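Both complexes shown next keep chain A, but they swap its partner, so chain B is in the first and chain C is in the second.
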Partner chain A sequence: MLAVLVAITAWAWVAVDVDLGALARNFSNAQNTLVQLFQPDYSFFGETLQPLLETVQMAVIGTAVGCAVSLPLSFLASRATNPNGPLLGFVRTVMNVVRSIPDLLYASIFVTVVGTGALSGVLSLFLFNLGIMVKLVSEALDGVDRGGQEAALASGATWLQADRAAMLPEVAPQYVSQTIYVLELNIRASTVIGLVGAGGLGMLIDRVRTFYQYHYLSLVILEILVLVLLLELLSSAARKRLVR
Partner chain B sequence: MSAPTLAAPRPTTTQDRPRKPAHVGRKVLWLVVVAVVVAAFWGVDISWDALWDMPGKLWHYLGLMFLPPAWSQLPAALSATMLSVAMAWFGTALGVVISFPLSLLATRGLAPVAVRWPLRAVFALLRAVPEVVIAVLMLSVTGLTAFTGALAIAIGSVGTLGKWGYEAFEAVDGGATEAATAAGASRAQVMRWGVWPNAAPEVLAFWLYRFEISVRASAILGLIGAGGIGKMLVDNIQFRVWDVVGILMLVVVVVTMLIDQISGTVRHRIITGRWEVPVVTALRRRSVRAARLEASPSVLEDESRDGTVG
Partner chain C sequence: MSGHHDDDGARGAGIRFEHVNVTYPNGYQGLRDVSLTIEPGEMVAVVGLSGAGKSTLVRTINGLVPITSGEITVGDVSDGAAADGAAAGETYRLSTLRGAAQRRLRSEVGMVFQSFNLARRTTVLNNVLVGRLHHTPTWRSLLGAWRADDVELAMQALERVEIVQKAYSNASELSGGQQQRVAIARTLAQQPRVILADEPVASLDPPTSHVVMRDLQRINADLGITVVVNLHFLDLARRYGQRMIGLRAGEVVYDGPAADADESTLEEIYGRSLTAEDVLDAPPAVLE
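Showing the complex of A and B:
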């Protein structure tokens, strides 16, 4: 067992072409960069405001639309709420495919299809969210106690009515909590997808890094950091309340 | 003696239902959420008209990609994928080696506060910065190579693995630790014999799970030029060689799903101690259900219908 793991790691070592020499050789280079990084240029703040706002807007829109669309889809993707086998399999397969494509790949494709800007960002965040939300919520549905649903079905409700009346209230807290979690992921993702031209802070990062303006770069990173940490605090507080 | 008479049904008093609680706070919260969403839609610099011809365009490009994909590029795509996976594996392994001692040092009860909190802050910091940004920062040192990607993944995984690690160690039942301490174990011995055996399955599963995340991350890192499948993708997207993009996407999807399945199966084995291969289990479950159905068809009618796909 251990031998297998070591073998894989050795293979990876060779494939990745580990070059410790480069680390040593370019260290002075790194020193300059680091010095610049630790001196963020706050005068750049004004210029970062617009992309920062755009990042948040993209994340909010992506989350809102993605989570709204994912709710009916997760009911279709859970064995507990969808009695129709073939449909269940179809929805699950499609969602598996949607989920296994990374967000940055969506972004780079949408940038070529609809052009650079926030729209391609929103679209890729939407698909990214859909994948995650449907998985999390349908798994929550699988775990829900089905007594209420059974009672509703026995009293003559259709599957739609039973799911609406008995299953939706059961998963509602988890749904909201996952939505907040996805918003958090989105803020993170939307800072990045700009690197390929999909709007937001990422586009700014791409611009300043091509000109090696590490003073500016560190300010942008600092902003991302503050944004992400703030949201993480907010979301963990909110989720703690929901779960209780 | 009069026969006991049944009491006449009591006239139902028309009593109002209790009023629903007002939930003012919740309503205000909803209003704020709706306002934020509307404001985002309003303020964002998007011409939504572009959405109208989007489906047509998307269809067109999907046709270019998959009708048919460039099968001739499959070997190249697979070797690029191997590089991405190697990057993910090496990065994760390095992350494991670095994060393991650090997460022990960040565990309550095993290390003093002065060590614990700075470490936790570092983990939080590393988690907050996306891997791609870490890679962008490291470009100046190691250049645009797969090694840079692997290092970025390593640094990123130190953040997540460190946090999961100390959480798992803190969740360990105190009995064994206490016994080890009582028997005169040193701090290192307590970690080795009191904490590790209890937390090992969970921590191992986390390592594997992190590898799954790293596989995705390595594809993304390629997109900014750090080699592997992502680099091949972005090159072909830039030059609009769509049929190659198609095959690359197929490879990404299949490989990611495959690795998730394998890793998920192994994780399941680590946690529960049983092998449960997805397809086999689904088939077995189905045949069990069919057998039960034969025994008593009427009862299980509903269940047999929803068990088609695993």
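Showing the complex of A and C:
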């Protein structure tokens, strides 16, 4: 097992031609950049506010819509809650495709189709979230104790009623916890997809980088760092309460 | 509401097995040519070793296990013309029962399980209300907007098993015995004509077992609901059953008054001499 891992790593190393030497040779070029990066220009802060807000808005809307739509889809994608074989297979296949496309590719596609801006970002995040949420929640459903569902079906309930009354309460804490996790992912993702024009801080990063304004760039990076840290604190606190 | 009027008097349904065979997809034969009639309002204990077909027998009555051949009738099983026409309610034939008709039958047949089968992360009241799902429109059940009547019915059911003070606790906070009584309340909320109990005390300690069995006995006596209960413990079967049905390898090997079953008939059912594991061997606890 270990030998296989080592072999694969060695093959990948050679195949992509990793050259540590280049790091050392080009370091002098980087010196200037690094010096600027360590001196964030706080006067730029006013101009970052609007994109910062947009990033947060994109993440919140993408999470809210994505997680809401993912709930019924998760029930359709779990063997435990959907007795209809063909429908189950169809939903799972579609969701596998949705999940296999990276968020950056979604963003590139939407920027071409609906243009640059926050709408492209929200649409990309929506599909990105759908893929993750349906996977995580339907797998959680697979692991839930199905006794309550069996009892509901035995009392003459339909599958929809039994799933709502007996399966939803069992998976609800995990659903909420994953939603918070996805919001956290979205803040990071929304900065990255901005690089290809899908709105928010990413678009700002792209602009200042193009003009070599590294002391502006360092402020933006600092802001992202603070935002992600804050969100992580919030989400870990919220999830700790959920688990109890 | 339900399509027909509930009669207020004794409302037990009869159950008739005619040459019923059950073969599972893996080839295992659960029941072999079982024929018997359970009268409305009877309390029947089904005994036998594990694997003898007790669970299969009980689960065929509400269609959780489909029958391979033969016929099961639930409802009016009296011979000839029914004495008073329309009073008795619907009669179901399991061999052809599917879809909406099967759900209608299930709404009239409550079931109690060995492992309680509650949704553990929601309230006791919500669990009891599961018994009302069949009579609740889909939109109401999706929103959790229960009718006031149904909540009242659920509370009454909890009162009958003396656990109403736990209505707003999470099911997971209750002891095993309390959880099983919630499960019984859930069947009562269905206002059923039959209650099936599949090893209802196998996960409980001896004193609690007696409490749960007495609940079932009282429901049978007070409400006239037909009760069919699977039991491993022979002393419980003799104490609480009016009638005992013994199964061995999927066949009925004993069918008679529970009180008449003695050591030798039980050894006949089990196909071996009795051991300490076959009896609960604890007197009912003195209640509070």
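Definition applied: the second predicted complex is superposed on the first by the 236 of 244 C-alpha atoms of A that agree within 3 Å, B and C clash if a C-alpha of one lies under 4 Å from a C-alpha of the other, contacts with A are read in each partner's own complex, and residues count from 1 in each chain.
Just so it is clear, a residue touches a chain if its C-beta (ideal position, glycine included) is under 8 Å from a C-beta of that chain, and two chains touch if they have at least 3 such contacts.
In this text the structure is predicted, and so the values were computed from the model without any measurement.
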Considering only touches as defined above, state whether A:160 meets chain B (first), chain C (second), both or neither.
second
Larger residue footprint on chain A, choosing between chain B and chain C, goes to B
Which of the two partners, first being chain B and second being chain C, lies in contact with A:151: first, second, both, or neither?
second
In the superposed arrangement, which partner chain does A:97 touch: chain B (first), chain C (second), both, or neither?
first
Answer with first, second, both or neither: which of chain B and chain C does A:173 touch in the superposed model?
second
Chain C-touching residues of chain A, taken from the complex the two chains share
145, 147-148, 150-158, 160-162, 164-167, 169-170, 172-173
In the complex, chain B touches chain A at residues 36-37, 40-41, 43-48, 50-51, 54, 57-58, 61, 82-83, 85-87, 89-90, 93, 124-125, 128-130, 132-133, 136-137, 139-143, 145-147, 149-150, 216, 219-220, 223-224, 230, 233-234, 237, 240, 245, 249, 252-253, 256-257, 260, 302, 305-309
In the complex, the residues of chain A that touch chain B are 8-9, 11-13, 15-19, 22-23, 26-27, 29-30, 32-33, 37, 53-54, 56-58, 60-61, 64, 79, 82-86, 88-89, 92, 96-97, 100-105, 108-109, 112-115, 117-119, 122-123, 188-189, 191-192, 195-196, 205, 209, 212, 217, 221, 224-225, 228-229, 232
Which part of chain C faces chain A closely enough to touch in the complex?
62, 64, 103-111, 113, 115-122, 126-127, 129-131, 133-134, 136, 138, 141-142, 144, 183, 186-187, 190
